[in-house]
Structure formats: structure tokens, C-alpha cells
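Dropping the structures in below, format is C-alpha cells.
Across the two complexes that follow, chain A remains constant while its partner is chain B and subsequently chain C.
What follows is the complex of A and B.
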């Protein structure tokens, strides 16, 4: 029985964005990462091949994280004491990108400072050749006080700077524009809020191929369905041709899942939850893969075993084989 | 696809004779479209129209119900490709596979722990749905023995997996009065399998490596009178499986009847638990009606069942928690009262942060019709009055000596009114985001 396969053909596509710059391109990275470019829903190879596979970023904290799950502390060991060593370990483990996350603390438990921040970024860039995403602690004034000097000190590297939020995007966008960097915009699980922020950022003159968006997701069990559906809707809108939704999407299953009780806590929990470390990894990988199926271009993870598993799933999903 | 009132009207006699109890044929048609009337109400509908209307009332994906000695697993009746378009209806049945070549003790163990497993999530009890028994021995008697033993420890629905109808019938002998799934028919054995399924009242799975093969087989088998069919796109990679499942769902929703059946996914048999978990996750998100896995491990089953619950939640009806005064980390009389709404995600983010930080607190959850704090505040469902009402309703004043009540940061504007409503209380304004609560509680409340 001949059956006509229903193929969607969409007028729009996702922007192609390249992160990082090599020596030839005015930076110092040994490799760059290109994401986006999709002309179809995720992995519909019978319509179009996946132009660039989703990539995995590993999160590295600029100062040893005080509140991470013991499962993560055990998995990484003393690596966590030095962001440069940690970033190198992520590269060796097969990460595509490093997300360098600053908190409120700098060296010796003092407040984070511009000097500390620039120094950490330089050390990390010396130890790994991967492109970087650099995120401030998420408080407007402090973010600006470290991201601007970082942007100045790394001109031409095409680092992704963030987070740009509605109340706090101007300074970061300006710093990115002045120094050939990219930005990450984050909005709280809503299609219209995402579009609005993208309009505000592009209105400043930042080209669309230098913006990545984080539409925000919840962890499995804690609102993943909201993030999942917002991402599916954003991707459908992008393919339908709405320019302000055509940005590649970065989401953070690592941050979200490792703060849930299921992943963070090992004692005094029900037997039905099973073994702690494996549960934590499942929580992170299931969240990541569900979001990749919903259109994520970058997933930011924390556990090295999650990296291995999600990487294998991505390889399988992007293999050129068609049904 | 469901017809509109106008489309139905065109199939009615259009004489407005009123015998159906409605003033006009159009009024009757509108009621039919809204499923508030039965076609039998009109004595004059032609046979031709009856047939057309019956066809249009058939769901694009047939509902298939597997029945065990105790319990059912339903799949099908889905109407959309994306959950935000409406909702996904039938949670895919999660089945654990056992091989009849495994030791009796191993099987027994897996089945007992699996069928008694139950885990609480947001006040719901999540469980697996049944077992798949694979006739790997190729021996009719052995399969029968294993199925019989299984029935002694569980009543959950079963799937019998094998390619030889004669062998599978041995297992079916032990399942009288049930509706198991036989898995399954392929190009070589479909006739005998169809006869077997028809004779035993079983649903029949069809195995095929392509859309064409599946469609062709389902048509032939349907002609033999078996209609409870399940499609198994038998491909190896996650990518090919996603493609086939998507194509089947798309075609089914376009009313292509040969593919209008639920699908089954086997995440089993890979021997790699990481891969198995992610294949199962994909199957839950992308269209499987039944998911078979090998591993019964709580640390895998729990997240899979939660994923299923999340993806199959009706987007129009967010999960709510019961308005009440919740205790976090055994609070005492001098611990603060935090206020939030009964939107489950809001509740769980707050509870999770405070609980995870090990800080004792009372969490007062108001009835905001399942809306988040900001939405509820904007809609007038979360205001000083409703908070004060909840304080009284749940007798909060009797639980604490130090009357500190903490408002979500987004609703700081309510503090003035709340002071008037609750004159004995000290009103504090907390952070906007739940994630900042532990820091706030340590710094401000101590």
C-alpha cells in the first residue's frame, strides 16, 4: 500500500548562531560551536536533515559551589575547587561548551569583584579551548559590574554573556556589541515575554545571529510541562516565520533538576525513590532529552554521567538515518 | 474528525418537523455537534447520513483497552500532535518485560516488586501498568507455566511477545476472560495471529519496519475482524522511532484509518540502562500508547512515571494542591508563616526550597483556583481578604506565638491592606522568587 508521508514545509527557520572564535577569527578558541538553522521540527529527517546537532554545555562555578548536591560533589571531587581544572575536565569528558557561572562570592569568600571575575575567565580560557557562556549571579548591578569588564578583557572571543532580563539587558547588550560578543536572554516561561525581550535587544542594534534565548524550564516534576510546551510553541512560531522567535534555545536542566529534592537529598526519602545518584542522573537526563525533543539547541548539565548519556541520545537522534 | 453543526445539518432532512423536540433541524444539528443530543432523536435520517455521521464520530486513533485480572491499560483516542493544542488523554501504559527463559525466581521477584510498586507524587499514587512476557523459549508449555505463575502474583494486564501463534496460545490459555495484547503479527504470520486474537478476545500488535508495511497489515487484519490493533514501528534508533511515530500520529489525525491505532515502543533489550531510560522518555513524550522497558528499578520508574504525569497533564487544568496550612521541617510556635497560592508548581517550588534548606516554616496555601501568585493577584484571586480568610479557616493563629506572615515579593502592595485585615500580625515582604527564600529566611527572619 503506497502511503504518502505527511511532510511539513515551513516558511521560516531558526537563526544560525556561532559561539566562540578561533585564532583566525579574532579569538583564541580551538573550536567553535554552531547551533540553530533548523527548518523542521526536531529530528524530522524525512523533511530536512538536522543542520547542527543540539550541543551540551557543562556548568562550571567560578567559586566552589556551596549548595550543590553531594552526588555532584562526589562525581567531580576536588576538581570543583578550581574552575580552570574543572573546565578542562569538562572538555576532556566531551562537553561542547562551558557555562561559567559566577555567584555572589569571589575569592576567599569575599564579594565577587571585577578583578576576580576577569581573572577567572582568563584562567578558564587558558585551560580550555571550548567556547564560553559567562553568567553573572543574576543581580543587575553586580552582573553589570563584572560582565562589562569581562567583555572588555575578552574582545573578539564571541563569548555568550548573560543573563539579559527585561530589567537588565541594556548594559550587557551594549558590552556585547562593543566587543564582538553574544548574549543570552532569559524570560520566565512565556512565549510573549520571550518575544518582547528579543525585540528590546534587537532594537538596540544587536544582530539576531548574536542572541540565544533561554525560555526557562522547570525540572521534571516541577513544571517541566510548562517549559516544554512554551518551547514547542516558540519553535512552531519560528518555523511559521515569526522572526522574534527564531533564536536558538538554551535551557538549564542541570540547574533546575539538581535543586529538586529528588536529586539533592539522599536521606529520609521514600524507598520508592530508589538509589540516589542514579535517580539524580535520570532526573537530569530525562529532563534534558524531553527538552531536546521540544527544540532545545543547548542543554546545560551538571553531572558527568548525564553528559555521556545525553550525548549518546543526541548522536542517535541526529544520525542521518531516516525511517 | 468531528463535524460542525452546519455539516451535520446538511445531512438532516431539513423539514423542521420538530419531532426531535427541537424547533428546527439546525437547532438539532447544533446539539448533535455539541454531543448534547443523540441522532436517534430524528426518525427521518437516511441510512447514508447515519453511516457518514457514525464514521465522523469515530475517533482518529482507536481506543484500545488491555484488561488483566485486575486493572486496565488504555491507549488511543488522542486528537493532537502537541499537548498545548488541547491535551494528551491516555497516559501510555508502562509495562515491564520478563523473558520466559529467565529463572522462575527472577521473574517472580521482578513481578512482585513491580506490581506492588506505588509512589506518591503531588498527592497522586503512580504505578506501572502491567508486564510483557516474552516467549523467548519458543516453548508453549514453558510460556504457559510462566504466565500461570505470574497470575499468582499479579492481576495487572499482560502483553505476550512472540512470533509463533501456537506458542502464544499456550500463554493465552491461562488468561481467560482477559484482554491481553498479543505482540505480534508480521508479514509472515499475520493470518494465524489474527485468528488467534479474534478467538481469544485479545488485542493484536502489528510489527512493521515502515509505514506501508504497518498500514497494509492493519487493513488485512481488520478485514479478518480484529479491530483492537496496536502498531509497533520496529526500528532501532531513537531517530527512526521518532520519525515513524510522528508520521503515524500525523496520518492518523488526518483520518488515515489504516494507521488510526495506538503505538507501542520497546525501550527494552538494549542492555544499557541509560539508553533504555531515554528511549522510554522519548516514547512518553512522542506518541507511544504503551512503553515496554526491561529494568525495574525505582530510581528509573519514578522519574518515568513523573514524566508521563507531567506530559499528560491537561494544560487547561493545572494540577492544584489542596488549600491548607502545610508544615515544612516540623515548624514550631516561633517559626514564620509563608503564604502562597495553590498552583502546584508554585507550591512545590516554595516547599522545595524551604525544605531543601532545612528551615522550619508554616506554609499557608490559599485557594487561588490553581493560579500562580502573579496571575492570581492580577485576577483578584490572591488578595488581603483571601489571605486573611485562609488564616482564619486553617486556624493559623492557634499554631504560632510569633505572628509573622511573609508575602511573596511580587505582591508587596498587599501589605497595607493585609495589616488592616490581620491587625495582630507582623506583615513581612519576602523575595520574588522561591529560590531566594532560604537566604531571606536566614537573613531577615532571624
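What follows is the complex of A and C.
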């Protein structure tokens, strides 16, 4: 007797968003990345094909990171000293896009400045043809002071600017609207808060297809189920037709994983935990794959080996569609 | 090109009108300034004039009732002159009249047909005793008891020892002409308790009084009542002095459970009550010993703290009170400044978080006397919500915080003289116009003023849906201070306090949390019993945030459900009103006991549905705008 698989049909779908712009499109990227468009829950390809595979972004710090795990420092070596070289290395390793993360420090350990920020963005864009996500250090006034000049200096590149948060979104959204960029909104693990920020940003006139959302996630063992559940509920609401949840999701397993003890610490831990570097990469890979299964459209990673493994996992998840 | 003439009642010369002109424009040329607080957008309704004769076209009548229209009223900023007209401009105080969307709390009214003989448990009778003699050696006590029995049918009499100490002296000094105040259930042959014996001449000039008291977490209210006529002689409110020991019931319970904390809280609330009683006595010239009875409403925690009963179990699973149905208490042991032998009737509660304030409120709101599905919301520090009809009642409680009572707000205050109670903001200049209680320079903002202010800030774009103040607007009234973003409602030179009266981002957050808790509460309650909010026939609002509530603005910020305005009624402080009814009438008191016994309590903390509904409501007016079609429509028009 043949088994009939029940199929859901959904009234809504996720917005399709294109990151980056090539020369023809008013930018300078050699490739663009298109995400979103899902009409079903993740990888339910018997209902609908996955329109755009989840993509992998690699995180590049604008100034050499002071608090990264020794495992990451060893993996990247001296490339960490120059964001342009680092970004190039990410592209060579197979990344789909670059997340350029600014901290509070600029050149020579001084405070981050608009001049420094614009300079770094330009250098990175010269060294890689990948689309960019540019994030400020997360303090409203500093974020605004560097993101506005960056937006002005890169008009038309369709960079994703962030973070837009509930208390600080106006300036960044205005800069994105004026210069044909996109924005990343981040809310603390709650469906309603995610919707509210999206409403506020679109109320300013920014079209929904220029917003990507980060619903906030935790690493494996550090609240991943809570983040997973919020992502799942956002996606269910999107498929049910709630426009303010129909945004592609970007999540940061790299940031989350590499601050856990299991990944960050190598000394004074039980032998059964196994080899440190292997453990850290496993942790990042497992976190990322779980979030992809929850519906992530972009995962931001840190370790080059994780990039390879997550890439393989995505290929397997979509294998039956391409076969 | 049409040319008409317009004649205004206050100006002798008629003025010429050209086609399409608005009444305000014509009035301006006639030298009459018509104040337009909302900037001529037809939102505030304050520019109403009366068209005595002639043809006009009213572009918007949103703010006028049918009665207003029948009387010829029109909004000067929205009305086009289309013929020769004669117009009456009401004097400014008439323009202050309330609008269709304003719901004012009713004044206290003595219940119809109030008969103390039948309804009252505390009575005072004049007795003329025959003095003892060698022929009649009945003891003093027996003589009083016998006379009282003859006059009232009271069979047995009890008294405190102190009463008996003074009895003989009073009988003799009054020449055996006395007034006896006593409390009795009222049925033939039952036991009465003596409250007071006094010379008849003294009683003649002194009304027999009672107190209706509402002990709120934030505000304490008392009504001093003449028990013979039923009239309210004085009403007064004050912040509960316990506020300094914590803003909500939970922090009070925690404080009260440590060391002498319980004694401290008891002393503070008694100080508050007695301060109000003493002030009421001074104002009315009444001796506090004339107060023979007090009936008290209040949430379960407040009742426990006043009566010195440890409240810990209210806070801890499985959340039970020490007592819901209190016995009748003696005033001296409670500590209220009234006659020591007076009686204190603490009204019954239902559960830890649904107390006597709500059972009294349900009585005052008349929920059990209507077959229609009715929603009753008591907006206080604890928002209590009751849904039901004469057939059934369900209830829940949620913590809203003290914002609606003006506490926890930088320039918040009680709804008292000097409080800004309504605000209109001009959408072009962002300049506010305020109505202040008592028509004096403002001192602060009360609960209704806050609702009004935030609603106006929202429709004029000063705040966004998240409640963030837009600092990019070109007005000195929005600014950044050390406390964050703020909007100046009144400049220092307009204010009584000589400092700018502002609303801050933090204040707005507090108000958002408060309104979200209430909205989430009645949504979850309605869901639990599968009643759609749209099927609610009547929404009754109780609370002490002001003398009135503008329903349109309360809907505008998402505090109340988006239902037709006529379905709402504002009842003011329903807890004290219910206590007043129970103070007067034994039947009303029995009804409160029946209400307490019949309400079904829904625990909101049982799962996360309340939290979900709460975060969803933490937005202006709500994350799901489809729940507020009238607000959505207004926003489209404004945009």
C-alpha cells in the first residue's frame, strides 16, 4: 500500500531579499546573495522546494579581536591583523558573504572613528567581491556615528547595516533608505518584540524586502531550544500570512558558541571533554546546523573548519532537491 | 463666486464670506478668536460653535453627539459656510464642556428609598428612662436594656466593660434622657451590641456617621457618611503611606514578612486612614466618636496588612489567604479613629489576588443585575477584571503598577486640584493645550491626563508605536535630559511648581506596561471562557485615575478594547462605592457575600499565555493592529 505524505499548504511566504549589488546593479560586488522566499517549513521539499539555500557568512573583526578563543586565533593566524586580508581568506575558504564587525577600538588601540570605519569598509570591499553586512559595536551613539558615514560612502552597494534595535533604529534605517542599503534588526528572543521592531522600521518607509532579522539565539547547551522555538514560531506566523514576521533570519552561532566555556577554554577541564579545537568546531557546527533546521537563512560563523562542515550539512539537507 | 454674510452673536457687524470658507476663518476676520487645541484637525472638539440659522456643511462631526447636532453645534474648524448664517460662539467655559467620548464618574447618590430603620445595622435611638426610686430598684444596665427592648425589640444586649464604667454617670448627668447607638442584625429577638450611650441633648446636634473605606495599594479613599440620611458628607483620598515600603502587593508582603515589617505597614496604613478621617471630621465639624461603623473594601493583601494578619501565604504557592470572610470587628482593636466600640466590617474577598475591592466593585457596577455579557475592569495598581452577567462571573488579576494613579511617574500626581487631566496636542506645532483640575496652574499629571497625553503624542507622531520620543521634531518641547528623552507638557512659568512638567521615556514605558497588563488580562480571561470581546455588551471601568476617562484615547493607546464608545461606562472608584452601599444596606452587604461565593477565579500565572498577550500589548496601540480597526482607520486618515 503506498504511503501518502500529508502536505501543508500555507497562505504566506518569506520575503526574498538580495544582499549586495554588482556593477550592473549600481554596486561593485562580483556576486550577490539572495535569501528567503520559503513557502514551507525548512526542508519540507515534498511540499515546496527550498527556493534559496541557507548561506554562510564569516565574521571579520575590523580590529584584531582581543577576546577570541585561542582556537580561532590559531586557525586564522596573522590574517586577523588585517580585515581586508581576513575577508579575502574567508572568500577563498568558500564564504557566501562577510560580516564586518566593528568594536569600540579603531586603529592603534584608539577609539573607533568614522574615518577609520569608512577606511576599513573600503579596504574590505576592495579585497573581496562578496556582499557585506556591517555591524557597529552595539552602542547607539557610536553605531550611528560610524554607520551613517559608511552608508554614505558606499551608496548603492546594498550593504546590510546593523544593529537596529528597539531603542536605536531611526538613524540607521534613515541612512539605509537614503543610500539604497538594507538593515539588520535584532530583538531579544521574543516573537512579539521581533514583530514590533519590524513594524517600527517599516513605519519609517523602509520596504520589508530590505530588512533581515536576528531573533537572537543561544549556543548548544546555552538556551538553543528557546531560540529555536522563537524562530520556529516566527516562521509559522510568516507562513500563516503575518507580514511582519515574513523576514529572512540571520543568526550568529559563531558569536554564541565561542563565548561558551566548552569552546573558549582549553585548560583545567576534564579529559573526557576531548580535544579542544575539535570540540569548539563541533560545538559551532552543531549549533549552526540546528538553527538552520529552525529556519535560519544566514548563519554567521567564525572557524574556517565550521564553514566546511556546515556547508556539507546544507548540501545534505538539500540533496534530494538537487538530485 | 458665492458671497454670503455671517453674523456672530458677540459682534454687531456681519462679515462677508466667500465660498469654501471655514467658520474659524470667518470668525477670525470678525475679530473672534476660536481656540483650536488640536490645530484645526477636528480631533479635539473644543472649537464647537452653535449654528443658529443658515446653511453649513459639517465635514466632520466625529466629536459631536446627536444631541449636540440637534442643538445646532458644529466644529468651527471643520464646518464650511454655505449660506447666510448666524452663529453663537459659546463662552470659553461652555467650550470646556465634555465630549461624547468623555465618560465621567457619577456623583455619589443615596440609594433610592434608603430607610435606615430597615436597611441599617447600626442605629441610634433616643430613650427616656424613668429614674430609679425606692419602688423601682432596677440596676442601670437593666433599665437601659429594658427601655431599648421596648423601643426596638432588641432582646439581648452586650457591651464592653468600658461602656459599663461610664454608664451610671451618663444616665445621671443627662437626667435619664439618653441616646443609645447599637449594632444589631435586625431580626426580632437577636443580640445587639452597645456602641455608645450619650446624653440625648448631645446626640440631637450630631449625625450618626459611618465610613466607607477603600484601601488601594497606591491610594486610600474614604467617604464619611450620615447613616440616617445616607448622604455622603465628605470624600477624601491620599496616597497609601505604605508606598515607601514597596510599590506593589508582592513587595509589601515581602517587607511585611520580615521582622517588624508587618507592624510597620499596619501603622502606615492606619496613619493614612486616620489622617483622612481626622481631616474629614475637621472639615465637617463632626466628632470622631460619632462614627459608629466602618465598611472596608480593599485587595486581600491590603486587608491582611491593615488587620495585622500575616500575609505570606498570599505570595507562596498554592496562594491562599489567611481569611476571606472576616467576622465583624471592634474599632479599637482595628485602630481606626472612630468610636472605640464602633464596628468594622471588612468585606469578603474571593482569593489571594481577588479581594474585597473587587467583590464590592462588582456590586457597585451592578454586574449581577444584567443578563448582558459585561466586562468590568478595575484599573488600579492591581488590575482586576471580571467578565460575566447575572448568570456567571469569572475573574482574574494582573499587576499593572501604580502609573494610572499617577505614582511612579516623574511628574505624576493623584487626580486632585492642579492635576493635568486632559491634553490636546496641535499636530503641526506640537504645542499642547491642557485641562487642569480646578482650573489652576498645573502641578503634575494624573492618570487620565497620562492616558490623554500619550494618546495625543501618538497621533501627532511625537512618539512612535514603541513609545519612543522622536527627538528629531522641530520643537523645543522634545529634548534629551539626563533622564533620557522627554516632552515638556508645561513650561516652568506656566506651572505651579516653577519647574517644567515633563513626561519621560521611562514614564511612557511605565504606562505601556500598565496598559498592556490590563489589556492582556481581559483578553486571556475572555479566551478562557471562549467569549469574543466584540460580543461584550457593556464595558464598565472602575479605578481612581481621575474623575473621568476619555474612552477614545484609552482605546487609542490600547488600554481598552476597540468597541463602540457607547458601550463603555466609567464608574470611578467602585471599591469605595461598593463599600458605601454595603455600609448603608444589610441586603447590599449580603449580596457582596453572594458575589464572593459565586465568582470563579482564573489564575493567569498557570501558563505563558498571559505573558504572550502582555508582550503583544506592549505597543501602541497593539502589535496586532487588526484588533484596533478604529485606531488603524484614524492613522490612515492622519497619514
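Going forward, the second predicted complex is superposed on the first by the 319 of 323 C-alpha atoms of A that agree within 3 Å, B and C clash if a C-alpha of one lies under 4 Å from a C-alpha of the other, contacts with A are read in each partner's own complex, and residues count from 1 in each chain.
We take it that a contact is a pair of C-beta atoms (placed from the backbone, for glycine too) under 8 Å apart; a residue touches a chain by one contact, two chains touch by 3 or more.
These numbers come from a predicted model, not from an experiment.
Within the superposed three-chain model, A:166 lies in touch with chain C and out of touch with chain B [touch as defined at top]. In the superposition on chain A, contact is made by A:317 with chain B only, not with chain C.
Once the two complexes are overlaid on the shared chain, A:232 sits against chain B while remaining clear of chain C. After superposition on the shared chain, chain A has more residues touched by B, the comparison being chain B against chain C.
Using the contact criterion defined above for the overlaid structures, shared-chain residue A:269 touches neither chain B nor chain C, since it reaches no partner.
In the superposition on chain A, A:196 makes contact with chain C only, while chain B stays out of contact range. Applying the stated contact rule after C-alpha superposition, one finds that A:178 touches neither chain B nor chain C. Against chain B, the residues of chain A that register as touching in their complex are 1-3, 5-6, 43-46, 218, 220-226, 228-229, 232-233, 236, 259-262, 264-265, 270-276, 278-279, 281-283, 285-286, 289-290, 293-294, 305, 308-310, 312-313, 316-319, 321-323. Interface residues of chain C, counted against chain A in their complex, comprise 464-466, 468, 470, 472, 612, 615-616, 618-619, 623. The touching residues of chain A, counted against chain C in their complex, run 166-167, 170, 190-193, 195-197, 199-200, 203, 244. Of all residues in chain B, those touching chain A in their complex are 82-84, 117-121, 210-212, 215-216, 219, 233, 235, 237-244, 246-247, 250-251, 254, 256, 258-259, 274-275, 277-278, 281-282, 285-286, 297-304, 306-307, 310-311, 313, 315, 345, 348-349, 352-353, 355-356, 435.
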